[in-house]
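The structures considered in this document are given below.
Paired with subunit B in one complex and with subunit C in the other, subunit A is shared by the two complexes that follow.
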Partner chain A sequence: MSNELLKVDDLKVRFKTDEGYVSTVNGVSFSVEQGETLAIVGESGSGKSVTSLALMGILPANGEIYEGAITFEDKDLRSLSKKEYRKMRGDDIAMIFQEPMTALNPVFTIGYQLRETLIVHNNMNKEQAHKKGIEMLETVGIPDSDRVMGRFPHQLSGGMRQRVMIAMALSCNPKLLIADEPTTALDVTIQAQILTLLRNLKKNSNTSIIIITHDLGVVAELADRVVVMYAGEVVEVAPIQELFDNPRHPYTRGLISSIPKIHDVVDELYSIEGTVPNPSNMPTGCKFHPRCPLADIECTKVHPELEYISEKHAKRCIKVKG
Partner chain B sequence: MKYLVQSMIKTIPVLLLITLIVFLLIRVTGDPVSLMLPETATEEERDSLRESMGLNEPLPIQYFSYLGDLVTGDFGDSFRYNTDALSLVLERLPATFELAIASMIVAIIISVPLGILSAVKRNSFFDLFITGGAVLGKAMPNFWLGIMLILFLSVTFQIFPVSGRGTLGHLVLPAITLGTGIAAEMTRLIRSSMLEILEQDFIRTARSKGLRESIIVNKHAFRNALIPVVTIMALQTATLVGGTLITETVFAWPGLGQLLVQSVNLRDMAVVQAATFIIAIFVILSNLLADLIYRFLDPRIKYE
Partner chain C sequence: MQSTEERVIMEVIDLKKHFDLTKGFIKKTHSKIKAVDGLNFQVYKGETLGIVGESGCGKSTTGQLMLGLLDATEGHIYFQNEDISAMSQEELRKARRDLQVIFQDPYSSLNPRMTVEQIIGEPLVVHGLASGKELKEQVRELMKLVGLREHQMKLYPHEFSGGQRQRIGIARALALKPKVIVCDEAVSALDVSIQAQILNLLKKLQKEMNLTYIFIAHGLPAVRHISDRIGVMYLGKMVELADRNELFEHPLHPYTYALLDSVPIPDPKLRKEHQLIKGEIPSPINPPSGCPFHPRCPFATEKCKIEVPEYREILPNHFVACHYPLLQEDTNVLPDSGISKVK
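This part shows the complex of A and B:
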């Protein structure tokens, strides 16, 4: 594919702990095309956030990529020097985080934090960066942006702060925006506004977006394609419509069944039994088998491969055929 | 500004309480007259001296007349030097300040880079070395460090003068002696404060923006980490003004601590009262200064 922007191939990430290395991302592969919005879906602990930090090259100090390749515009990101990688961050690849309340530095003004990125990457002087900052705040729908530049984060609401984060991330026109649970910490009405903002970005620019979420509602709103992750692995990949119409992996089916439907009257909402396994104590065979309604003895022994059932649809399950 | 005025007003009861406590303590610890007269003095001679000093009056009356004088800035006269107690104290202040500021500078120069580095390189050999060194620095008695410095740098190598006050050279050894202990405490504090801040989400944001690691550490993290450190700095500065007797004695430094201890031993009431009052004012001022610095460092703090 010529317009492939990012390609992640067999990515493995591990963390050094007191009990030795624990691998939380175990061979994740996916790609993002130019202008495409890809959703990575999974429960907490599925490795989706770690994957995004690995892409940005900002894993915590005890974490490391120990296998696999990340290719961004034909550049192998793992072979970049620290300096080269740093220059890409915030410029070519930008990121917004889950917690707008804590993601901004409390002791610097909004203006300072916005200008910083522009000065570092775009060689702007302070006045130019300030002007551009005001412009960016307007783009993300912050009224009175001139005055907001002089405010401190604690003087803004959560929704406003997330807008500031988005403005900051978009200020250098990134080719790829990674949004890690951008709406999870916000009120429902604010969530809708932020989603609208992201949808407009998608419509009006050629920026590719990776949206990381556990909320299939968000996925349905934004994504072109979905990667479902479970226990550090990709278990299903499919275009959005296909995924909702014809989910193949039992885990995906479980996730979709867990969405409450307004017209169905039920006593109890559906949920997938059990929890995501601990990375230091993974089940043998298929990692989902302890929670899977279809699992049998074979599933405890064989670790299934990701298998393409059509050109764009892949699943990691031996029980579901075709 | 309103906050400043309010804080000033709030310090008045504190100062009053301090005058009362010091007034009582110095009077229960013994009679100055017995030290001023020879052992052979008669009871009449003692009584007349007491009367001339006003010590025969009931304590409340003595206290209120002391307060009355104090309002006019009169702390009374030193029994020993026969001069105004306040001017004796004020005479010592420049030396005390000089040493306090120099020690603080030494402490900052040592602790800021070491604290930051040992947080950034946590659990490395360097970090272990620094944290170990900090324990040692804290545990080392001042007088011992002072004497060792004199032995090596003044006696053996003759780089700095042994004792006394005058040139910048005189200041170096006592400042290092006092600064080391403070540096040890501040290094540990800066390290733990930095470690906490470096885990924060906004540091991850700063990284995702592609900022240089030096900017992230020295600007984004350190500015936040400094807030708890300022408290300790204020307390330490107050301690430095109040009394650094041991170091002053080792280096024959003519500071406030020496004067205060001499006066306590001689029951030189007026000087003790004047010195403690002045020290109390500086303790209060340094805390107020810390509050103002907080406000500058952390925009979330507002005083109403």
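This part shows the complex of A and C:
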């Protein structure tokens, strides 16, 4: 595919812990096209954040990629030096986090931090950077932006900080924006503002976006395509409408049926029984089998491959056909 | 059918909670956070009353007040016709057996050094209601009730997943056979699939034990699912309260309308532009004059900046605090509501 921006192939990440190595991302593959919004969904602990940190080259000290390839515009990211990776992060790939304070420095003003980013990555002088900074704050819907430039992060509300972080991430016109739960900590009216912002970003500048979330509402609003993760693996990949109309993997089906529908009140919600397995004690065979309504003895023995059932739709299950 | 009085299990009248805020070492400044600023509502026996609203609007404070865990600055809270705010310590202790709470974060609300058996049994021990074999039997019953297994009795909280910890919290809350349970963001931290398990469990228990729930949450789909009636709070005030379907289908307050419109709908076919409301919630230290929503409200007039809209029942069982509610053409407003149909 010619317009493929990012390709992740069989990515495996492990952490060194007291109990030895624990592998929490177990062969994840997906790609992101130019201008595409890809959503990654899955339960807590399924490896969404770890995958994105691995892409950004910012895994915590005890974590490492031990297999797989990450290709960004024909560049092999795993072979980059620390310095090259850092430059890449400012220029081409940017990330926003659930908690904006992880990305903002509490001792510098918003203006200082925005200017620095612009000076380093866009070769601007201080004055140009200041003007551009104000412009960026306006783009993300911050009123009174020249005054906000002089404030410190803690003087802003959560929603404002989130927007400042987005402004900072966007200030270098990244080709890929990775947003890890960007609205989870925000109120719904503020969330709606941020989602609209992300949607406009895609429309106006053709930026590719990976959005990580557990909220299927957010997915339905933003994504073109969805990757569903379970226990460190991709269990289903499908275009957005296809995923909601025709989910194939039993986990995806369960997930979609468990959401309370705001317009369709039922007496009892569908629920997936049991809980997510612990990464240091994974079930044999299909990792979903202890919770799967379709599981049989074969599922406890065979580890299913991710299988494409049509050009764009893949599932990891041996029982569900087609 | 019961009369209204018989149906009411709790009633809140002109309830206020203002926190004092002292800032600065050298030049001290005093101000007040109006966390709860004049609430009036009733809770019916056996119902689930949902309370929604954005962060900081006073939901948890309201819950704490209703449990007698915070002293009110002004106003009254009646539980079975007795004023909690006027009770002696001893009376309050008794009342608290009937008023329990389930918190958002099962992590921090469970003592990490106690086994599940001790955690669930503690309220029974504290109130001297059971000991020895009988205690164990009751704990076993409670664990079964919430879907925990007997062999898990001796385990510690960290050995459980988030959803299971929430079950422990629920079992503990049920130990004293309470009448009312305040669920403060009880499912908010859980994964969707686990959320569904807990919501189903809460519904089942309500039926079996004739419980009344005050269900506080910011996640609207979950609130709609579980509640019979829903109240919407904004800056320490109740701005609207109605039956859940009525509220979702015919919101009368512009804020409720905006809040509902902001919820992302999990169906890509229904993708739409949100009617964004501008700005963010103002600080409860210095709330706006008049209608607290006026700086963000698309319908605000001069009157809204000056006059506080009265909270009143303008349709049967539908309360709202707005000078210009979003009435439909054919709506029959109550004659004494002070609202005329023609705006």
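The definition used in the following text is that the second predicted complex is superposed on the first by the 315 of 322 C-alpha atoms of A that agree within 3 Å, B and C clash if a C-alpha of one lies under 4 Å from a C-alpha of the other, contacts with A are read in each partner's own complex, and residues count from 1 in each chain.
Going forward, a contact is a pair of C-beta atoms (placed from the backbone, for glycine too) under 8 Å apart; a residue touches a chain by one contact, two chains touch by 3 or more.
Please read these numbers as outputs of a predicted model, since none were measured by experiment.
Contact with neither subunit B nor subunit C is seen for A:65 once the two complexes are overlaid on the shared chain.
In the superposition on chain A, contact of A:120 is made with subunit B only, not with subunit C. Using the contact criterion defined above for the overlaid structures, shared-chain residue A:134 touches neither subunit B nor subunit C, since it reaches no partner. By the touch criterion defined above, A:258 lies against subunit C but remains apart from subunit B after alignment on the C-alpha atoms of chain A. Within the superposed three-chain model, A:170 lies out of touch with both subunit B and subunit C [touch as defined at top]. Put simply, more of the residues of subunit A are touched by C, taking subunit B and subunit C as the two choices. Contacts of A:268 after superposition: subunit C is touched, whereas subunit B is not reached. By the touch criterion given at the top, residues 54-55, 161-164, 191-197, 199-200, 203, 218, 220-222, 224-225, 244-245, 248, 258-271, 273-274, 276-277, 279-281 of subunit C touch subunit A in their complex.
Partner subunit B is touched in their complex by these residues of subunit A: 53, 56, 58, 86-91, 94-95, 97, 99, 102-108, 116-117, 120-121, 152, 154, 165, 168-169.
Residues 200-202, 204-212, 220, 223-224, 297-300 of subunit B are the ones that touch subunit A when the two sit in their complex. Here subunit A touches subunit C in the complex through residues 43-44, 143, 157-160, 187-193, 195-196, 214-221, 223, 240-241, 244, 254-256, 258-263, 265-273, 275-276, going by the rule given at the top.
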